[in-house]
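Listed next: structures, encoded as structure tokens.
Note that chain A is present in both complexes that follow, paired respectively with chain B and with chain C.
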Partner chain A sequence: MATAPSGSPSGDLLVPAGPPVAARPRRALIPQFGGIWGFVIRRILLGLLVLFIVSIVVFAATQALGDPARAILGRQATPESLKALRDQLNLDRSVFSQYWSWLTGLLHGDAGVSYAAQIPVSDLIDERIVNSAFLVFCSAIISLPLAIAIGAYAALRRDKLFDSASSLITLLFAAMPEFVIGLWLVVIFATTVFPGTLPSITQIPPGGRPWDDMTAMILPTATLVLTVTPYVARIMRASMIDVLESDYVEMARLKGLSERTVLIRHALPNAAGPAFQVIAINLAYLAGGVIVVEYIFNYPGIGSALVDAVNNHDIPVVQALAMLIAAVYVGVNLLADIGTILVTPRLRTRL
Partner chain B sequence: MEQHPFDETSEGRGRSLSRRELLAATGGVVLAGSLAGNTASALAASAAAKPKRGGTFRLGVTGGGAKDFIDGQSITTKPDQARLTSGWETLLTYDRNYKLGTDGLAAEATQDNARQWTIRLKDGIEFNNGKTLSADDVIYSLRRIANPKNKLFGSAGLANVDLAGLKKMDKLTVRMKLKTADSTIGEQLGQYYNGIVPVGYSRTNKLKWVGTGPFITQSFSPGRQSVHKRNPNYWRTGQPYFDSVQVIDFAAPTAQVNALFSGSIDAMTDIPFAQLETAKSHSNIKILESPGGGWLPLCMAVDMPPFDNVNVRKAMRLLVDRPAMLAQVLSGHGHVANDLYAPFDADYDKALPQRHQDIDQAKALLKAAGMDNLTVDLHTTDGAAGMVDSANVFASQAKAAGVTINVKNDPNYYGDQYLKLPFSVDFWGTRSYLAQAALGSIQGAAYNECHWGLTGTPYLSLYKQAVAAPNLTKRHELVIEMQKLEYNQGGYIIPFFNNLIDAYSSKVTGFVPSKGTLNLDAFGHGYRTIWFA
Partner chain C sequence: MSAIADTGIVAVPEVAAARRPTGRLMRTALGLWRTRIGLMLVGALVAIAVFGRFFAPHSPTAFVGQPNTQPANLLFGTDHIGQDVWSRFLWGGAQLLAVSAIATILGLVLGVIVGLLSAYSRNWLDDVLMRAMDVILALPQIMLALVAVTTLGATSWLIVLAVGLTTMPRVARVTRAAAQPVVERDFVAAAEALGVARWRILFGEILPNILSPLMVEASLRLTYSIAIIASLAFLGFSTDPNGANWGTMIQENQLALVSQPWGVVLPVVAITLLTIGTSLVGDGVARAAIGIDRGRAAE
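So, the complex of A and B:
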């Protein structure tokens, strides 16, 4: 999954913040084209530009999937049925005209009609988006606090037992691809070691919601948590160590502040900036990375829909899902940048 | 993945119901005949264990996706097959030995003469909406199937039926006239996808889930799952046994196997060979291996160089080590073939000598043709399991004779190039010889990969005579002649026939291996001959 351009953390944003600089007098918040709001507006406009470029790339790339009419008809393709289907799908129009009607449709919330299922794309993927979003939500709400806690505590206990142990374990999990983790969990909890303890697949009946049966969520969520946590924890640890060694933490300690105040008021906020960036990348990863996990657990989400759509050359579905995933990338990176700015006074004042 | 992963063109079971057999069948004699084979022991076994009512049977099937649909008369994917069999039934049926019989909706199907059939329905069968099955429904069903505009699966098979001439004789009897003599019509009426639907049926209207079958569809989400509830008024007394059936789509066999092992599903189609040993070691998992007649031919176009030289075709057929290929591609789960199809057909020619690998003779033939050190492209795709492997194994076997085969694995193979290539791999299920020839071996056939049996060839005239043959003996002679021609000069290399290997939980009783295109004993005959022990 290519990282959207806005996601590559600019060096400037990633540098752990130095000592707080005296804040300049606050300017009026809205709607001047400067300050934090100006920054947000600029970033949103930039995000939209990125999405526009992505839409061109997605549209062009999906043309390379091949002739959808042939893919739909397969062996049954005859010249007459091909022509009829091409007319029906408007495939004989120029590429620009197809792109334009697709883009304007998308802006009106109309992603077209699935070639394979012959129903509106939204009918096909709406429930799946909810399912995948819930899986990402469950994974994020567990893995992020867990990772921050592990990373921060390991930094505090640097080179002690907890630090070494957590470093080893997080390195181990970071080195394992998610499908290996997922399959191990299935072997342990579903099929072989403790057979039948947990369901090995997530069955969500059509019309049902993923939270109706939480036991079926355990293994897919655990797989994603084990995949994501190590990265965030390791970055959090590194960033926290930098901060703890900084002059201003030393200064705070010398002032005689309690260790608790030093950590919570002075260290954590400064360590959070880089962590936001990593969290954003991981959330964005989750949006695309669920594909593999959904495959393992037969989870009815956007990942399996995307795989199926690519196999079917179902271009409207591929386009809609690619745009959705790109939008998630742009969105979380935007939020992360804003978050970083907010916790980094030096950057904020420079705006 | 191709649109038609398995069998859309491959439904026929081999044993064709001959005219004479069918005439005999009309008194129920065919039913008695069918008891002689596997079915007898199956029935004995089922009699020993009394079926129990209740439970929800969950079946995991791969090969589906957003393109899944439910239609009583058509399929595209394997989950479509699994769903169709739950709700719709055919006039005639094939038993577990591939004998066509009157165990279906028809009490009789009689061929009055070469171009006329009379079909009489069983009395008192109701659709699941309470409507009584009548001759009108049969006429509507046959017209719907045969109309090419509906793009249904069986339309080619019924092309010779005179649709306008279908006549209702009384409320249970239909007279069917043929435009030209066609001895394969009986088989067509037994194809599982030629289901009988009520008058006015369409895939999208309010009758879309109305059939005579043992289960009634309750909900359906393409690419995900469907739920089918027991039909309380089902005409076979006592059946079915389950309260409901769920058909669940799986994107990957790995998840499917895990789901079976962990008890999340009760049965699965097509267990991967790699998982077979693991499955056998599970005490609560059973394997159902059925002899199949499916085949993956390597097709040489007889009118394109270098295969327009019969010696080159002969040489290529001698390059194949069939047992080795069976072992490598199917892990031995199948049987060696002899470049002929339709192994379950009564007219299948078992007398022709089995071809073996003969590198020296192949080299000599190529040399005689001036083609030593031949290099040729072999096109294949992931259309069905084994298509790519077969091509690769053949390429490595051909090296022994100095022949270089460049395997081209092209995902868009079924797009622009299909049927236009000199050398390609394809896939077929099993059917009777003449029905298969009509689809793949004659001029005008929809899928004639080898460009065989074209206008003016002896094969085509033999085919025409065979289809209109006045009696079984004559037809047998003609079909034997046709097979000889294909065996000696044809373009197919057919190394093996594959088995169907499915797995199910030991909780389920009633599955019996059966020769067939459909998995899992034709999905437990539409989930009505199986139950939870």
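So, the complex of A and C:
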């Protein structure tokens, strides 16, 4: 590759919007304002389109490709019972009409009736959504500052001891699956090394909520924090290094400003955009991570509900939870993209 | 005929120049201690998974003693239904490794094809492919696999397909980003002018130039595939619910952790070391690639 004399054209192509940024800045304010809103609307429409296609994928995988009646009845299926169940589930209707009634129901907040529990899906998952949100909130509020601090400090002390040590430790933790980290914590703090230090499963009396007993929250939260922090800290470190190596930070240094002023006045405001992305990645990761972690600790949230529903072939519940998790995922990324554009003048002028 | 000779003259030196750094990359990577430790860990666990069964003292499904006890003749005691934990551990890695490897290869092949096509086409096809990849990225990998097994059942090929298809967009993004600058290079234009077939330009001219980011991506994706497939087995979704499988073993014996930890601890240690090993190898290759790039920039 070193032999190629074509470095400069490819370099220009990597940064296609270089010159226009300088040429455009102080044109009219109104088109620029419109540009942002145009971007926001385009981005929301794109998010909705993604969710629409996801709904087709989820529906196809659960209801169109296989035979739900056979999946539910399993080995006990007789031709009569299969037919009765198909009638009850409207499976004899065309796939399109099944999809349409499911989608319109979902948009009106009606996700159907759980096959296993015979109650509306929304009644089944309402409380669990709040429980999962609480678990994600506890994990995010610990992991976010931790990840940002570790990543930013490692970037500042690049190639020094803290950076090498933290990058090795985050590499090791980022490699392990969530359930492996969770089980290490259970083995260490609940059952084997220090038995009984912390509860290994969440036991909630009927009518109780997870926050009634905060000691039971410790291990699930710690598992999520240990899973998500290394991953996010590595991303934070990389984007902080980008900021620190940027021209404006170098310019500030060349002007002879103190390192403190360079960081607080020049580097930090420009790190806000990456920070939004980091928060989004963190939350999106947690939305997926709760599935396994809730199962380990028997935590009554949407993750364990999803696993139970898949085990019971409870298709309406699976569909509703999959769409819910996808919507959180898409929504979080949408907010991050819009937030990034709003706090980064350099990107805003490009619109 | 002379046109073919010209092709040789124009294309061969570029490709040769492109291939050499890959060997150099591997040598540099092997010089790093993290790559060596990673390779040793992966090698040891692959050896256990492949050859362990020949050293197993009992059948993985034989009843050998009271459940969850520690008879004197058994190294790591019995599991929740009285099977030998050590024998099940020695049998239990093969399926996890095979399914993870096949799923990763499927995802890599599909992702590289999509990424190269996107980078090379530079038109509506690029947009369509990348938006399609965004849709798959809108779902957590494990959730898509769970949705797929709900009705269709947890068969090996379905898990391979689900993990492979969700690996594809992540690989496609990396491939596209790495290939975009290569597509603009002179030797690609030269090959086009000479009328070299499009697929030969993609796989013969462009692909050899992006192998180092792809190798980093491959080890990262293998780590995640192992994690997802082991997690699925832990959640109770594996092809053979009674078969010995590290993920399933953990699930079965989790309730007996207090009285008999080995049924959980052995497979947990194995998965920990395996995933740490693959990601150390990936990190070593990535560091070697960065080191070579820095050296080249200084030249």
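Just so it is clear, the second predicted complex is superposed on the first by the 281 of 351 C-alpha atoms of A that agree within 3 Å, B and C clash if a C-alpha of one lies under 4 Å from a C-alpha of the other, contacts with A are read in each partner's own complex, and residues count from 1 in each chain.
Here is the rule we go by: a contact is a pair of C-beta atoms (placed from the backbone, for glycine too) under 8 Å apart; a residue touches a chain by one contact, two chains touch by 3 or more.
Note that the structure is a prediction, hence the values are computed from the model and not measured.
In the superposition on chain A, A:D67 makes contact with both chain B and chain C. In the superposed model, A:W102 makes contact with neither chain B nor chain C.
After overlaying the two complexes on the shared chain, residue contacts for A:Y231 are found with neither chain B nor chain C.
By the document's definition of touching, neither partner reaches A:F39: not chain B, not chain C. Taking chain B and chain C in turn and counting the residues of chain A each one touches, the greater count comes from C.
In the superposition on chain A, A:F276 makes contact with neither chain B nor chain C.
Judged by the touch definition given at the top, the superposed model places A:N311 against both chain B and chain C. Taken together, the two structures place residues 66-67, 71, 183, 186, 190-192, 195, 200, 295-296, 307, 309, 311 of chain A in contact with chain B in one case and with chain C in the other. Of all residues in chain B, those touching chain A in their complex are 1-4, 8-9, 65-68, 151, 219-225, 227, 248, 250-252, 254-256, 258-259, 261-265, 411-412, 414-416, 418, 446-447. If you check the complex, the residues on chain A that touch chain C are 1-6, 9-10, 13-14, 50-51, 53-54, 57-58, 61-63, 65-68, 71, 168, 171-172, 174-180, 183-184, 186-187, 190-192, 195, 200, 284, 287-288, 291-292, 295-296, 306-307, 309-311, 313, 315, 318, 322, 325-326, 329-330.
Those residues of chain A whose C-beta lies close enough to touch chain B in the complex are 66-67, 70-78, 81, 114, 116-117, 124, 183, 186, 190-192, 195-196, 198-201, 203, 205-207, 295-298, 300, 304-305, 307-309, 311-312, 314, 317.
Those residues of chain C whose C-beta lies close enough to touch chain A in the complex are 13-14, 17-18, 21, 34, 134-135, 138-144, 146-153, 180-182, 184-187, 209, 223, 226-228, 230-231, 234-237, 250, 254, 257-258, 261, 264-265, 268, 271-272, 275-276, 278-280, 283, 296, 299.
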